[in-house]
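Take a look at the structures below.
Both complexes below contain chain A, partnered by chain B and then by chain C.
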Partner chain A sequence: MSASLGAVGVGFRRRGVPVTVVVCLVVLAAAFLAVVLGPVLYPEATKQDILSSLMPAGSPGHPLGTDELGRDILALTVAGAASALVGPVCVAVGSMLLGILLGTLAGYERGPLDFVISRWTDLLLALPVLLAAIVVSGVFGGGYWTTVALLVLLFSPSDIRIVRAGVLEQSARPYIEAAQMLSLSRWRVMFRHILPNVSSLVITNAMLNVAFALVAFSSLSFLGVGVPPGTADWGRQLTDSRSIMFDNPAAVIVPAVLIIAVACAVNLVGDWLGQRLTRSGGLS
Partner chain B sequence: MTGIDVALDGIEGPAGRMVEPLSFAIAPAASLALIGESGSGKTLTAKSLVGLLPPGFRAAGTLRVDGREHRLEQTDASWRAVRGREVSLLLQDPFTSLSPVHRCGPQIAWTLEAKAGRRLPARELDAEVARRLDEVNLPARVARAHPHELSGGMRQRVAIAAALASDPRLLIADEPTTALDASNQAEILDLLRELQHERGMAMLLISHDLGLVRGRTDEVLVMRHGEVVERGATARVLSAPEHQYTKALIAADPALALDAPVHAEASGHAEASGRSEASAADPPAAAPLVHATGVVKRFGERTVLGGVDLDVAAGEIVGIVGESGSGKSTLARCIAGLEREDGGTIAFDGAVLSPGRRSRTPGQMQIVFQDPYSSLNPMMTIGQILREALAVGGRPATEVAGLLETVGLPADAAAKRPAQLSGGQRQRVAIARALAPRPRLLICDESVSALDVQVQAQILELLGRLREELGVAILFISHDLAVVRRIADTVTVVWQGRVVEQGPCARVLDAPVEEYTKLLVAAAHRDRPHTHDHSTDGRTIPA
Partner chain C sequence: MLAVRVLGTVAILFVLSIVVFSMLHLAPGDLVKTLLGTRPASPEAVAAIREQYHLDDPLPVQYLRWLGGVLTGDFGQSIRLQTSVADAIGSRLGLTLALCGLAFVAAIGSGIPLGVQSAVRAGGVLDRIGTALGVIGLSAPTFAVGLLLLYVFAYYLPIFPVYGGGRGPLDTLYHLILPAITLAAGLGAIVLKLTRTAMLRELDADYVTSARARGIPEGRVRRLALRNAAIPIVTGASLLLTFLVGGTVLAETTYALPGLGTLLQDSVLFKDLAVVQALTLLVALVIAVIALLADLAYLLLDPRVRAKGGTA
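Up next is the complex of A and B:
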């Protein structure tokens, strides 16, 4: 037994994965499983059953109890993972792609294009994320994917700026001049030569954005503008269960803890990944 | 007893023993040179004497300064009493060893106050700083300048003043002139020698450059792989080396061959290699490959190039020499199209190129930079880098192995990333990349300056061979006359953005006409006096 544990430990050490990161990866893997299997395991999670409302945690058949409408908290939480996590991941990936495109163009081409892109990011940065989301939801009528699109836009300035700064720094290096001497196309220089060298920044920032977007989504759902009522969603659960906080605390605590846990795990994994990528390149 | 006495029991690093036991003594006002290539343990030895070993390294032994004994194992806190007071360290790079955000005066004043152990009155302090600056031949106004406002040589003088502010008994100078150009190198070393005699201070000079220590140190310790392989009086070691390694070091040093016959005498090579229409000896015979006239380049207010003419014939090696800031690199970058010239014309192969026009000559002109650490993309493997360059010249990817062989690298290097290679190997990759599209002009911008002498010699030999085999013309930019002498057919001397003198290598370097060239040559000679017995063997240019 101890021998096999030792072997596992050595294996991890060899690849240099710290214990914290392993724990975070387990959390993320569980969250991923919930996203994929949630709808299969609990297809009727949002079905209301007034007869069994407000059961405390530990009740037979309902390990985490039920809410006011008689929905099983465990089923609701597992089924809510998809809504709570898919959006933030899309936001982070979307704003990362936007950031890579605009940031690289601005940093490499400089000139008027850089000016336009930079002023655009300044404008977006001046908007408070949540307020803008509330206003847009109010005017255009919310909806999940509208919120995703809006957050992609509002999250992109940090990506654009980070990519632009990284590209500016790399552009001055001799290896880029050497690539220019080979008359490589500007797209090849930008995306084949420069981009891999700023990837650690980009990926770290995208991971941070997942966490921020997760919290932003939950806040919006909590405020009632993100996800329509009746949907299984961690933020929505927080809103709906406020009134029963003392009847069945699990209804509030479980989704809240999950939001925090996933946000932390994504952050820590992002940090670690960023450091690994920087080290593998040799240039810092 | 007076003087310095070191008994080092060894230095242990994370990967085992780095330096074997060694001992030496330096009398007051005497100096000892520690010579070796990078990785020989010379810098570790020096750092162990000031308690500045990198994390993970441990030294054992004793350092005696005028009879006061210091254990090398002592804690950082107790080192502080030794460092700067008994022993001072002068670092290689005057560009990074001074704080960029502070003026020079305070950087000297800090040490003065630390030594006094109290705050000194401003007037007294200013006077003392001025005196210290005067000692290193700098005017008092330098105290108010930020380091970036000074030249490399002036910065190193400020660094010397700061290192000496505490009046140490031992000065450790770690490659103090490597970052400077030839005329500055000689001045700084002579200044150090002078200061040593005035103060009766011992000096430990660390260098990879044998030529530099001749006439400037009393004794030499040659290190290799953490062991002392040879020691003795400087003159004896340089003129009659006993150890095989010392002999190899001396043989590899182009500086010790400054008076060797220039290789241009072998200008028959060009004809032999089938490029007779562009014989290196008489470029006007055919249209030159590069024909630059009146090239002007300004950076803001400053005119870096003030109308420079330059011709490079096909298959010719043209050396461009000058001090740092003379504009020689800018000229090369204008020709390469990496900078836009503000005036004049640059023609390549008969066609005038508009400023900043790289795409007109895809692959025809390639450049090899000074720093092999930043000129390769760290995220790409050597194979990827070379395949990309081959594709530009329309050549098949299968030639990677052949390219690696041409530059003397094993075939398995293709799978490695730049970080896994040494500096010399990376520079070979950079040369291979430059050669991949079969360029007709190779621009070498201080391409061997960052390398150890032995690697330097190998790269120079490689460049000479490539010219023979491929007939590529080379524009060779260097501040090092000795290196240029080894490789160039013609030499162009640049000073303050203007061509001072131009002509065949032997004529310009052996019988300079212009005052400035004479100064440069004199500085190079003063720096590295001629050795009669090692000037010819193995250092004529490869045939």
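Up next is the complex of A and C:
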């Protein structure tokens, strides 16, 4: 899951923030506002009102129209941002923390612990994330946070590998030898001395993981697993509105475009951040 | 060594088979009830199920019996479709293979030329368009792309059918074009990125400079570079496959195609565990075999690795 997108900034100004990144940051800021303000602005977004069922976009009081159940598409979409975006961020942060812990232990301690952790990542990497998530959360049920925990587990191998490789490379350096000669505790060496030097790799990978988790999460809710029916969530909204996609196109087009836009924005910002951090000498 | 690599693959598949087998026993709810499906739970039926699935045997015995069945192609009965799992998969395999094949050809056919051109003129207009398309292809979920394409090419411009698998080979092909393009968007983006990165590195190499200095035509120089760039592209095949597995489920669901992806989704939602087990193992096997083949291709493509005795 760590496919970075290559040199996005090639040809742009070297200093300052490229225009694309500014646009992406605006998209992300808007998404963040929707997450925070959604529940305040539209506390009753999922309330059904059969009287106003299937109104077209541009109807009075319903700028994007309503779905079959009479739910306002604009309210549903704004309120759905929280469910669609909070989970993926938690997945990226969770798998980053798990990756830092296990990757550092494996890379610094080596030996049997490294062997066990590495075989564990091999096993998880042999599974396609989406397939494993569909099967496990479909068969074992479980709600939103179970899905988050599952995705943390499935996303962690890329973090573990990246941290482990970084730690292995740093461990051989003189400053680590110096720290060891000062008989600093191994935890102090691992997390105070090595970790800061691999942090730029970790942060870049976490950003990219947000984008992949967003795709995985919305895919799961599109397939009907992960998010319970009736929840305001972009992926869920797309499944629910499939049957009315030609009656009120806005019900499908708006959330679909939003998912694509946010995922692209996260990816581009992550890439740019990665290049910035690499160039600023965070790692060799 | 290759033998170690094969053994590692077998070990991973063995562990996965245990996990997949345990799924039946770990799934929430009463196992007998799950296996009965919609049939009434009379004492005779319960006894018959316990007998049929040998539920009174110790778990290792059950596992070995199940594994024996799997290895001989017997995955049990689908409780949802009331047919053998092998038949259920067999009747849908063709459509999924056709869809993946079409998407694969489209992705290679667009990704490699675009990747080469992007690398040759890095920073140019085509490169920027390619990069932008690549970002969208990699970031956009398959179903979102699929739904938007449905609006454009089946609703606003009614060129393609909205959904279904079609009848007869030609009609099926016609029904598969839009889903294949949807899948190819993500696949092509990965191919494009792999190609561009590999070509950029090769074009920077000394042998390219020396070839150019000797006056070898640019077209031949590029072919030379592409041959060397093929190695990272081929070893990236596992990345393509991982994408393809999830993407197929989403594309088939979006276009309501009766393939393996929709079979998996329906079986998961219905808790038709025998089918889910069979499909999970099948996918794991295909991925393991392709990863092995990619490593073998690496040996064939890179004489340096071959000479060292192959430490892939």
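Methods note: the second predicted complex is superposed on the first by the 264 of 284 C-alpha atoms of A that agree within 3 Å, B and C clash if a C-alpha of one lies under 4 Å from a C-alpha of the other, contacts with A are read in each partner's own complex, and residues count from 1 in each chain.
Everything that follows uses one rule, which is that a residue touches a chain if its C-beta (ideal position, glycine included) is under 8 Å from a C-beta of that chain, and two chains touch if they have at least 3 such contacts.
Computed from a predicted structure; not experimentally measured.
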| item | value |
| --- | --- |
| Touched partner set for A:R173, first chain B, second chain C, both or neither | first |
| Touching partner for A:L131 - first (chain B), second (chain C), both, neither | second |
| Partner chain in contact with A:I253 - chain B first, chain C second, else both or neither | second |
| Partner chain(s) touched by A:D122 [first = chain B, second = chain C, both, neither] | second |
| First, second, both or neither for A:A263, with chain B first and chain C second | second |
| Contacts of A:V139 with chain B and chain C, given as first, second, both or neither | second |
| Broader residue contact with chain A after superposition on the shared chain, chain B or chain C | C |
| Contacts of A:A211 with chain B and chain C, given as first, second, both or neither | second |
| Common ground on chain A, meaning residues reached by chain C in one complex and by chain B in the other | none |
| Parts of chain B lying in touch with chain A, wherever the complex brings them together | 336-338, 358-359, 361-363, 365-367, 369, 371, 374-380, 388-389, 392, 417-419, 430, 433-434, 437 |
| Residues of chain A touching chain B in the complex | 173-175, 177-184, 193, 196-197, 199, 280-283 |
| Contact footprint of chain C on chain A as seen in their complex | 3, 5-8, 10-11, 122-123, 126-131, 134-135, 138-141, 211, 215-216, 218-219, 222-225, 238, 242, 245-246, 249, 252-253, 256-257, 259-260, 263-264, 266-268 |
| Touch list for chain C against partner chain A, complex | 8, 12, 15-16, 23, 26-28, 122-123, 127-128, 131, 134-136, 138-145, 147-148, 150-151, 155, 190, 193, 196-197, 239, 241-242, 245-246, 249-250, 253, 264-265, 268-269, 271, 273, 276, 280, 283-284, 287-288, 291 |
